[in-house]
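What follows are several structures.
Look for chain A in each of the two complexes below; its partner is chain B in the first and chain C in the second.
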Partner chain A sequence: MRALGYQIGLIARRSLIRTARQPGTWIPPLTFPLMLMVVNSNGLRAATHLPGFPTKSFLAFFIPFSFLQGALFASGIAGTDLARDVDTGFLNRLALTPVRGAALLIGQIGGAVGLGSFQALVYLAIALLAGVHIAAGAGGALLILVLAVLVATGFGTLGLFIALKTGSGEGVQSTFPLLFFLLLISSMNLPRNLIEVGWFRVLATLNPVSYMIEAIRSLVLVGWDAQALALGFGFTLALIGISLLLAARQLRIRMART
Partner chain B sequence: MIDVAFGLARRQITVLFKNPSLFLPPMLFPLMNFMAFAGGLSRLRHVPGFEFRSGYTAFTFVFVLLQSAMFGGVFAGFGIARDFEYGFGRRLLVSAPHRSGIIVGYAISAMARWALIAGVLTVVALAFGMRIGGNGVELFGMYGLALIANVIGLLWACGVAMRFRSVQAGPLMQTPVFLLLFLSPVYVPLALLQGWIHAVARLNPVTLLLEAGRGLIDGRPTELAGAFVVAIGLVLLFAVWARTGLARAERAG
Partner chain C sequence: MGRADKQSRDAGIEVEGLVRRFKEVEAVAGIDISIPPGEIYGFLGPNGAGKSTTVHMLTTLLPPSAGRATVAGFDIVRQGPQVRATIGAALQEAALDPFLTGREHLRLGASLHGIRGERRKSLIARLLDRVGLTLAGDRKVRTYSGGMKRRLDLALALIHDPSILFLDEPTTGLDPQSRSALWEEVGRLARDEGVTVFLTTQYLEEADVLADRVGIIDHGRIVAEGTPAQLKAEIGKATVEVVPEQPGELEQLRALMRRFGEETAARPGAYAVQLNGKGDLPGVIRALDTEDVRAAEINLHQPTLDDVFLAKTGRSLEGAGE
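On to the complex of A and B.
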């Protein structure tokens, strides 16, 4: 167990350093959600005039989107890094060492989790500076950070699975629009009860991303909403679990091939 | 010059169709945006002061059409940067008797690609029940305006690509275009924007194109002359930007 922890630490350190050393990798994922937050929170402010809209501040309503978008970028980073390891033969060389598969998978998402944590802190700080009030208080703000990091871990692990499945950076990048589509057909712009188009409301209701957004949103707008939090954390943990299982299975297949 | 332009355009279009990974993102992004905006935000038409006869689907369609046009040009710029990064651009400079034809060739291929995207987008929008208030001439004007936006996007990205000659300049090509697009009245009419974004949107040339396009699809043309003058002015401005970029690439050898 101690050896496993040591291996995870080494690989996570490598992943973190690799991410930090490539500003081109982490600057866009950090700034792009911020740009969208600034633009959309102002462009969509008129939505707060709709009857039944839960707040007068669209920024407070929209802030969860930044966490989710940042997490999606994390999936791309984790996946692309692992795909590069596959491509350059690093994974093959690693297979000759005593490193365990679990250490490789958990350690590999270190960069994505590190970036996810940093992003979450930045987004939350900017929201607070812009005057967003967290209804659930300091504890709620802390829980927002925890959930944001877990979401980044979930999407990061999904990125690992895609990298192991496709074995190419292009393969990982080309799935990004599909993951982004999950974000677009969620309740990111309007509460589900205010979505007018039937098929869109159904898709948003079936989409787990809606519940991740709504969990963070509930802490900002409502306070402690047990149902929203249970759904948000539940879907996030399910995403991590399923992605880990799929990635572990794919790792065994890839190791067997080599 | 015409031979160079058509030869290069033919090559670009062939490369595009042989590589779905190059073709699909510019096709998928506008479709996804359209579905998200038309499906998820249609309730905004009930905001007090929102007046658009043809409905929210048509309102948002014009933005996505312009977005696809400008980003279609930017995506073509990625191809130019890739060509220069991998040495094809240099061979092109050596072999082309009239080098301005290189820019024209890239522009023709960008327009051809966008025409396909616009066709798919229109079919999807009609399937979504988009209502059109404008007549044939007005629609022709709307697509013409979007086509000019495509050329503007291409010329801007071309100038950047030829100055940097690396795909790493990609963010520099798309970020200003993204900001210009989203600092316009994307989701609601200009009159309903509040605060600093209203002030910025009023000065943003994309607002003029957007409002003119929306007026045309609604059958109530507005700001037409201004929009076309601004669009053609931007084409001329960025043509100079692209041509000086080409000169920079020539000097770099």
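On to the complex of A and C.
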């Protein structure tokens, strides 16, 4: 177990170094959600006048979306980096060492988790500076960070699965619009009970991303809402578990060492 | 020295009927190889002949479809981890991370092999020095030249002191200077440290200069095997080609040279014979002088591994994979 932890640390360290040394890959994922936050919190401010809208601050309502969007971008980084390892043969180099598959998978998402943590801290700091009040207090703010990092881990692991399945950076990039579509058909812009278009409300209700957003939103707007948190953490942990299983299966196929 | 370590040093590579199929395609079609410890074995063949597939199977990265093989005494299917612990490999295209430095690569490699602390530090310094990358060790790999990447690749393959080294086309794309530096290092490893080297190449000169024995593979089958000298001797004697100064003297030249051997292919305006043992190059020159045939050019062509490949497959190795 100690050896596994050591190997995870080595692979994660490499992943973090590599991510940090490619500013072109992490600056846009950090800044784009911020720009969207500024545009939407001003442009859609009128939505707060709708009867039943849970807050007078659209920024407070919208901020959870930024955490999700950042995590989604982080998944692209983890996936693209692993696809490059497959393509260049670096994965074969690692396969010739005593590294365990579990260490490879868990360590490989180190960059995505590191970036996800940094993004979450930046978004939270900006929200607080902009006057957003966290209803659940300091503990709630901490839980927001934890959930944001878990979401980044989940999407990061999904990125690894796609990279191992397709073996190419293009393959990873091509799935990005699909994942972004999941964000768009969620409750990102309106609470589900205020969505009047029937099919959209149904899709948003079926979409696990809605519950991840609503868990963070509940901590910002409501306080400690056990049901929202259980659903948010539940779907996030399910995403991590399923993605990890799929990625581990694909790794065994890709790294078919005897 | 532990039992496993001693076993790995005392054993080379044994391959029996190794096969690898990819759906309908038989990339490796049942090969047998026996390489004693400390030998440099050159695996020569055109692109797509099955060289890299063989290396992937022997390094445990690809399970064989049939047949068996042991590397350093360990079965490649049943004892994969033991095989990997005793081999080093530099596979086709230097597999490096452009965003890490040379030293960081070595640090990662050493750590994954369980080498830590001061031992790791001194090992990295020694390997960087050995491959001439001490000054460039802290530069990111994306700033390295092709030759530097290949040398780092070799250092990574040596990080855990392997007894068997697999080099898959290690000098492809390198300039002559880098190529000869790499040959020197590989030769030194086999000569001074007793490392068994399995080297795939499509360069005839590389196999000729470096390998103790050569196996020639084509369409997944070994078509010839032996020392470079043995293989060339199988082909026969040297060829002498003469270009007469006066093109009108070509018929006279032909009659003269037929005394020395069998006619063989020559450039336009030239005549060539494969020497039959009844004469040699000085004999040809004396005959030209006696019969007053002035030569513009005289070439002595010793048999090459390409001639061996041509004789065994009916094609020249140059462009055979196209």
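The rule is simple: the second predicted complex is superposed on the first by the 256 of 258 C-alpha atoms of A that agree within 3 Å, B and C clash if a C-alpha of one lies under 4 Å from a C-alpha of the other, contacts with A are read in each partner's own complex, and residues count from 1 in each chain.
Basically, a contact is a pair of C-beta atoms (placed from the backbone, for glycine too) under 8 Å apart; a residue touches a chain by one contact, two chains touch by 3 or more.
Being a predicted model, the structure only gives us computed values, none of them experimental.
Peer 1: Overlaying on chain A: chain B and chain C, fit or clash?
Peer 2: In the superposition, chain B and chain C stay clear of each other.
Peer 1: Tell me which partner A:I17 touches in the superposition: chain B (first), chain C (second), both or neither.
Peer 2: A:I17: touches chain C, not chain B.
Peer 1: Would you sort A:T88 into first (chain B), second (chain C), both or neither based on which partner it touches?
Peer 2: Only chain C; A:T88 stays clear of chain B.
Peer 1: Have a look at where A:P98 lands relative to chain B and chain C in the superposition and call it first, second, both or neither.
Peer 2: Second partner only, chain C.
Peer 1: How wide is the angle at the Cα centre of chain A, looking out to the Cα centres of chain B and chain C, in steps of 10 degrees?
Peer 2: For this superposed arrangement the angle is about 90 degrees.
Peer 1: With the two complexes superposed on chain A, say which partner A:R249 touches: chain B (first), chain C (second), both, or neither.
Peer 2: So A:R249 meets neither chain B nor chain C here.
Peer 1: By residue count, which of the two partners contacts chain A more extensively, chain B or chain C?
Peer 2: Touched residues of chain A are more numerous for B.
Peer 1: For A:H49, is the partner it touches chain B (first), chain C (second), both, or none of the two (neither)?
Peer 2: Touch partner of A:H49: chain B, not chain C.
Peer 1: With the two complexes overlaid on chain A, what is the closest approach of chain B to chain C, counting only CA atoms, in Å?
Peer 2: Nearest C-alpha atoms of the two chains are 17 Å apart.
Peer 1: Once the complexes are superposed, what residues of chain A are shared between the chain B interface and the chain C interface?
Peer 2: The answer is that chain A has no such residue.
Peer 1: Mind pulling up the chain C residues that touch chain A in the complex?
Peer 2: Chain C residues touching chain A: 59-63, 76-78, 80-81, 83-85, 87, 89, 91-93, 95-97, 99-100, 104, 108-109, 111-114, 140, 156.
Peer 1: Contact residues on chain B for chain A in the complex?
Peer 2: These residues of chain B touch chain A: 21, 24-25, 28-29, 32-33, 35-36, 38-44, 46-48, 50, 168, 171, 178-179, 182-183, 185-188, 192-197.
Peer 1: Which part of chain A faces chain C closely enough to touch in the complex?
Peer 2: Checking each residue of chain A against chain C gives 6-7, 10, 14, 17-18, 21-22, 85, 88-90, 92-99, 256-258.
Peer 1: Would you tell me which residues of chain A are touching chain B in their complex?
Peer 2: Contacts found on chain A: 24, 28, 35-36, 39-40, 42-47, 49-50, 170, 174, 177, 180-181, 184-185, 188-190, 194-197, 199-200, 203-204.
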